[in-house]
Amino acid sequence: MALATSEQVDAPSASTVYRLENVGKVYQRNALVALKGVSIDLPEGSFSSVIGSSGCGKSTLLKIMAGLLPATSGTVELRGTPVTKPRPDIGMMFQQATLLPWRTTIDNILLPISMREGKAAAKAAREKAEALMDLVGIKGFEAAYASQLSGGMAQRAAICRMLITEPAVLLLDEPFSALDEIVRDFMNMELQRICMERNATAFLVTHSIAEAVLLSDTVYVMAPRPGRVIEEVKIELPRPRTLDMTTDPMFGDYVRHIRRLLDEGSRT
Amino acid sequence: QDLEEVILVVPNPSAILIQPVAAAMDQGFFADEGLRVRVEAVNGSGPLIQALAAGQAHIANPGAGTFLAAHQSGLEAKWIYRLNPNSSFSIVVLDSTEFHDPADLEGKIIGVGTADGAETSFARSIFDEIGLVEDEDYTFLEVGEGGQAVAAFLRGDIDAYAAATNDAAIINTRGMTLRNLTPEKFRSFFGNGLVVLDSLIAENPELVEGFGRALVRGADFVSQPENIDAVIQAVAAINPQEVEDREFAESLIGQIVIRQTPHDPSLGWGYQSLEAWEAWHQSLLASGELATPVENLEDVFTNEFVEEWNSVLSE
Amino acid sequence: MTVEAAEQSAPIADHGDGPTLFDRIPQPVSILGFGAAIVLLWYLVTASGIVSPLILPTPLQTLNQLITVGANLFTGGYVLSAMWITTQEVLWGFAIAVVVGILLGILVSETRFGERAVMPYLVALDTMPKIAFAPLFVAWFGFSIESKIALAVYVSLFPVIVGTAAGVRSADENSLMLFRTMGVSRLKTLIHLKIPAGLPQIFTGLKIASLSVMAGAITAEFLGGGKGVGELIRIAATQLDTARVFALIIYLSLLGVALFGFVTVLERYVVFWRNSDPGRE
Amino acid sequence: MTVEAAEQSAPIADHGDGPTLFDRIPQPVSILGFGAAIVLLWYLVTASGIVSPLILPTPLQTLNQLITVGANLFTGGYVLSAMWITTQEVLWGFAIAVVVGILLGILVSETRFGERAVMPYLVALDTMPKIAFAPLFVAWFGFSIESKIALAVYVSLFPVIVGTAAGVRSADENSLMLFRTMGVSRLKTLIHLKIPAGLPQIFTGLKIASLSVMAGAITAEFLGGGKGVGELIRIAATQLDTARVFALIIYLSLLGVALFGFVTVLERYVVFWRNSDPGRE
Amino acid sequence: MALATSEQVDAPSASTVYRLENVGKVYQRNALVALKGVSIDLPEGSFSSVIGSSGCGKSTLLKIMAGLLPATSGTVELRGTPVTKPRPDIGMMFQQATLLPWRTTIDNILLPISMREGKAAAKAAREKAEALMDLVGIKGFEAAYASQLSGGMAQRAAICRMLITEPAVLLLDEPFSALDEIVRDFMNMELQRICMERNATAFLVTHSIAEAVLLSDTVYVMAPRPGRVIEEVKIELPRPRTLDMTTDPMFGDYVRHIRRLLDEGSRT
C-alpha cells in the first residue's frame, strides 16, 4: 500500500531518539515469547503509536523501552546509549493509574518533582499542577485521596503526574482508556499541542485506531504470538492535526487499512 | 556529710532475709560508718556472683555451692561473714503424711527447687548419710519454688520437698502445714553469707570494716525481741509490701532470727568454722556440682575482721 | 444525620450480612459482660476447690488486694513509684526498640548483605533465652533502669524487625515501577514508597512489640533488681501471696493495654487510607 | 541460560541500581564473614579484660564447650535427649499456638464481639508476666512437657493473633466487593479471600511466634524442672560455667533458626504470588 | 428531538426488572454529591447504557444498583423488592478486573461457581469456562496467574467470571475499556447474543457513544456535578444489531445527538 511506503513528513534532519533493534523478550516463568525481533526508530519530536490486539506485547515493549524490564535479546538505545535502567528524561504512563493512597491527588501529581527536586520545588510547582489538573478537568479534587477518585479521574491525575516534569520522551500506555470520548478527544489535542510545543518525542499505546491515526506520524501495528511489528504505517496528514481531519477521506483510508491489518493479525 | 555508697546484691528480694542489714540501714549504723548501703536483688546466686565480678556490687550474698564453683572458675573473692550460720535448707513433708525420718523416704520422689541447686546437694548429703542412693532409692524432681512446689505437693507429684528454710516457712504460714525432717547434724550446712572481692579488701579495708561493724550492730539489734517494731519498720523501709501482713512478717522474722544466730555466740557474729566449709566441700564434690576439689579451703573465707567487728558490741 | 448513620451502618468494606446481635451491644457493655463471664468462671474454679488458693486466688481475695494496692497506687505510695519506674522502662524500651528495630528491619530487607549475613544472626540471637543475657546487661548497665531497658529492647526488637522487613517488601510492583521510572533513589523510594506501603505490617510488628516490651521489663526486674513492679510481684510471689500477685499483675496489665491501645489508635491515624474512617480529613 | 541469568539479575521488583559489592558475595561467605567479625569482636572484648569470664566466656572456652557438648549431642548422650524434649515442646507449642492463634485472630477481626470484648482481655493477658502463671500451668498439667507446652503456647500466641487479625483485614475493597456481589457467605469470604490475602501478615506473626515459642519453652524449663535443654543451661549457670551456658545456647539457637527458616521457606511457597521467584509453577 | 420521545421497541408487555426512583448519593467523607434524583426503569430483557463524563457518578450508580453501596436517598428495587445487599441473580463487572493473585486464570473464572456450588460443580463447569475463555480469546492462559496476564487479558478473564453463572441481570462497568477495537466489536456482538439468548437484562457503563448506541434500547446520558440523568435516548434500531448498522444514517444521528448532549453537559 502506497501510504505505508512514502517518506516521513517530519523534518528529514530529525535525529533518532530511540533505536530498538531486533528486541525480543521471553518471560521465563511461563516460557512465553512476548516479543520477537522488534525494530523501531523514533526520530526526535515524532509521535508514534503502537496498536495491536490485547496481549500482543505492547506493555512489555514499553517497559523494555523505559528500562524497567531487560530485553532478552536485541538492543535498546536512547540517544545513542543503551537503556539498562530508567532515565529521568523519560516520562512513563502506565496502564494502571497507580496513585499512592496516602497522598492527596495534587501531592501525587507533584510526586516526581518532590522526589527529584525536593519539597520546596514541589511547593513552587503547585500552581503548575493546579493548571494541569484544570486542563484535564479534575480541578477541585486537589485534596481528595485516590480512593475518592473515579477511575477516569485517577487516570487523568496520572497524566498530570507524567506531564509535570516536562519529559523529552513520553511513553504512554493507554493513557485515555478510562475517559469518555469528549474528554478523550480534547486530551488528544492537548497531548499533541504539548508535544509540539516542547518538541517531545511520544510513543503511545492505544486501542483506538482513530486515535492512533489522528495523532501519529507512524503507527506500528503489532500482531501476537509472538508479539511483533507487522507493519509501520506512516501517516501523512499535515500538522497540527485537528478533529476535523477524522472526516478526511485519507483518514478513513488509514483507519480501514490498519483495521484490516489487525483483523488479519488477530485471525492468525 | 558525704556517705560512701556500698552496693549489696542479694539473690532474693526479701528484706526479711537480710534483716540485720535492713536494721543497720534504718538505725543509721551504716551512716555512723560513713556508708550508705543500697540493696539490689537479682535472681539466684549465679547472677549475684556475676554482678560482683562485673564490679556492679561491692558485696554479694551467695550460697556456698555457687561461690565455691566461682572460686574454682577463678573468682578472687572471700567469704567474710556467715549470715546464716544455721542450715538454710530443710527437707519437709506434708504434715498429714507418715514420713518422720529421711529413711522413710526410700523409694519416694523428692521435689527440689531450681533456685540454687544448693538444696539438691544438701538433700543428697542427707540421703548419702543414711545410705540411700539417688535414682535407685529415691529420685529428685525439679519443681521450682513457691507456688510450683505447692502445686507439686497438691498433685501428689512429690512426697517431700528439699527447700530453702524460708520457703518452707512461708508455705507453712500460708496454711499448708509441713513437717521438717532435717537431721540435727545437717545444721552445719550454713546458708548464704557475705562475699567481697579480694581486691576490695586490699584497696578499701576500711569499707569492709565499717560495713561489718554496722552489720554486727544490726544483727545484735535484730536478735533482741523488744526491737520487733523497729525491725518491722526497717524492713518496710526497703520493702513496705513485705510487712503489710504484720502477723505473717513477725512469724517469718522470728524464724529468720533463729537461723541467723550463731551456734557459739562467743565466737562472734559472722564467724566461720572450717569444719562447716569442709562439710559443704565434700558434699558438693560428691554430687559433682564441684568438678575439682578446692586445694586450700582456707583460701575461700576469712575470719580476720570478725574480732574487730564484734568489738563494737562490747563498747 | 440520618444520612450519615446510613452510610456508617454499612461501610463498603463490611460483610453483607448486616450487624449481628452481638454487634448491637455497645462496646463497654460487651467488654464488661465478657469480663463478668471470665470472673464467674474464675470464681467457679476456685470455689470448686480444684485449685488451691495458693496457686489461684479467689476473685474476692484478688478484689481485696486490688483495693489495697489501688489505694496505695492512687495515694502516691510505693506502688505508684514502682509503677512509674516500670513505666519508664517500658516507654524507653519501646521507643528504642521501635527505632532500632525499624532500622534493622530496613537493613535486613533492603540489602542482600543484611538479609543474608545479618538476619541469620539476628534470628539466632532472638531464639536465645534472654534470661541468660540478663547478667551481661547488669554487668554492663548496672542495676538501675538501663539494664531493664536493655532487656526490654532485646525482647521487643524482633517483632519490629520482622514486621518492618515484611512491610518494606510489600510495595506493589506497579508502584515500584513508577518510582523507578521517576529515577528515584533507593533511599527516597524507601522513605516515600516502601515504608508508607509497609505501614500496616510495621504496625503489626509494633503492636506485638508493645506487649513484649512489658514482658521484657518485668522479666528484667525479676532478674536484675531495681524497684519496679516486677520487684513487688516477686516479693509477693516469694511470700506466696498470690492474691497480691494477681492484683499487681492486673494493674500492670492496664499499662500494657494502654500502650497497645495507643499503638492501635496511632495506626488508625497514620494508616488512614486503610480504613473507612474519616481519618485525617 | 544466559537469558535466565539476565532476567534474574534485574527482577522487576528490584531497585534500579544493580547489585552492590556486597550482593556479589555468595551467601555462605557473607554469613561466615559476618560471623567471623562478631567472633573477633567477642574475642577482643574478652581479651581486653573489660568483662569477667564469669559473665562472658572467651570464644575459645566456648568452642571447647561446643565440642564437648556437641560430642555428647551427636553421640546420643544426655544433651541429645534434652534437646529432643525441648524440640517436642517447641514443636507442639508452635503447632497449638498457630491453630489457636489463627482462630482467635479471626474471631477478633471478624466479629465486633471479638474485637470489642475479647481483644482487650487477650491484650491484658499478654501483657501479664507469663512467669506468674507457671504454677497454674504446673498445677493443671504437671511437670512433664505439657506445662512447658502451655507456657510456650501462651508466649507465642499473641503474635499469631495480631498477625492474623491484621492480615484478615487487609483484603482490598475491590475484592471484597467482588465477593459481596457473588453473594459469598462470610465464612467462605474469609476462607477464600481474607485469609489468602492476609497470608503475608499472618506469616509475619508466625515468624515472630516461631521465635518466641522457643523462649517460652526454655523459660518454662527454667521455672519448673523437666529434663530439657533449659534445665541443662540452668545447671551450668548455677555452676557459673558460662562457657557451657553459651555452648548450650548456641545449639539451642540452631533449633530456633531451623524453625524460623522453615516458616520462611514455607511462606515463600504458600505466598508464591508475592515474590518474583517461580514459586509453585 | 423525536428520537428520544418515541415508544420503546421491545415487547410492550415486558415487566420491569429494576426500578430506581429519585436515587441520590452523598459521599460523607468529602461531602460530595455524587448522584442526585436518578430515576431509571429497566424492563426485563432490555439492554441499557449509561454514558457520561468521567467522574459523573456512573460507577457509584452501578454499585448502588448492585447493593454494594447504600443510597442516601431514594429507592432501588429489583423485581419489586428493595435492594439492600448484593443478590445472586445480579452479575457485576467492575471497572478493575480484580483477579485473585493466588488463583490461576481459570480458577478465577470458576470462582463464583466454586463459591456458590462447591468444588465439584466448579470442576464440572471447567469446560464451560474453557469455552468462555476461547470465546474472549484468552485460551491457553488457563494456568497463568493474574500477574502474567496483560491488562486486556485480565479484563477478559473478569468478563468470563461474570458470564459463567449466567446471571439474569448484568451490571457492566466499562467492561471493554482495555480491549482493542476488533476484539471489542466482537465482544459487543457476543454480549448482545448472550443477553438475547438468555433474555438477560443488561446495564452497561461505557465511554464509547457508538458502543452505547449499537447495543442499547435506551441510552441514559448523565451529566456531572451533581451526577444526574439529563436524557434517556431510546434507540430504535432493529434487533439483533449488527456492526453494519454503524453506517446506518440513523445510527449517526443518535451518535451526534448524544455527543452534543455530552458536550453540553461537560461545558456546564
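Should a chain be cited, it is by its letter among A, B, C, D and E, assigned in written order, with residues numbered from 1 in that chain.
Basically, a contact is a pair of C-beta atoms (placed from the backbone, for glycine too) under 8 Å apart; a residue touches a chain by one contact, two chains touch by 3 or more.
Just so we're on the same page, UniProt names per chain: A, E = ABC transporter ATP-binding protein; C, D = ABC transporter permease.
Nothing here was measured: the structure is a model prediction, and the numbers come from that model.
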{"item": "Smallest count of steps, each to a touching chain, taking chain B to chain C (ABC transporter permease)", "value": "1"}
{"item": "B-D against A-C, pair bridged by the larger set of C-beta contacts", "value": "B-D"}
{"item": "Inter-chain centre distance, chain B versus chain E - centres from mean C-alpha coordinates, in Å", "value": "85"}
{"item": "Rounded Å distance between chain D (ABC transporter permease) and chain E, as computed from the means of their C-alpha atoms", "value": "49"}
{"item": "Contacts with two or more other chains, residues of chain C (ABC transporter permease) listed in rising order", "value": "12, 16-17, 52, 55, 135, 139, 173, 177, 180, 183, 222, 237, 274"}
{"item": "Per-residue multi-chain contacts in chain B, two or more chains", "value": "46, 50, 53-54, 146-147, 150-151, 154"}
{"item": "Per-residue overlap in chain E, given as positions that touch at least 2 other chains", "value": "29-30, 67-68, 85-86, 96, 147"}
{"item": "Chain B partner contacts - residues on chain C (ABC transporter permease) that touch it in the complex", "value": "52, 54-55, 68, 77-78, 134-135, 138-140, 142-143, 222-226, 231-232, 234-242, 244"}
{"item": "Complex contact set, residues of chain A against chain C (ABC transporter permease)", "value": "63, 66-68, 85-88, 90-92, 94, 96, 98, 100-102, 111-112, 115-116, 145-147"}
{"item": "Chain E residues touching chain A - in the complex, by the definition given at the top", "value": "27, 29-30, 32, 51-55, 57-59, 95-96, 137-138, 144, 148-153, 155-156, 174, 177-184, 207-209, 259, 262-263, 266"}
{"item": "Chain B residues touching chain D (ABC transporter permease) - in the complex, by the definition given at the top", "value": "44-46, 49-50, 53-54, 65-66, 69-70, 73-75, 114, 116-117, 141-144, 146-148, 150-152, 154-155, 157, 289, 291"}
{"item": "Residue ranges of chain C (ABC transporter permease) touching chain D (ABC transporter permease) (in the complex, touch as defined)", "value": "12-13, 15-17, 19-20, 22-23, 25, 27, 30-31, 33-35, 38, 51-52, 55-56, 111-113, 116-118, 120-121, 123-132, 135-136, 139, 158-159, 162-163, 166, 170, 173, 176-177, 180, 183, 186, 189, 200-201, 203-205, 207-208, 211-212, 214-215, 218-219, 222, 230, 233, 237, 245-246, 249-250, 252-257, 260-261, 274"}
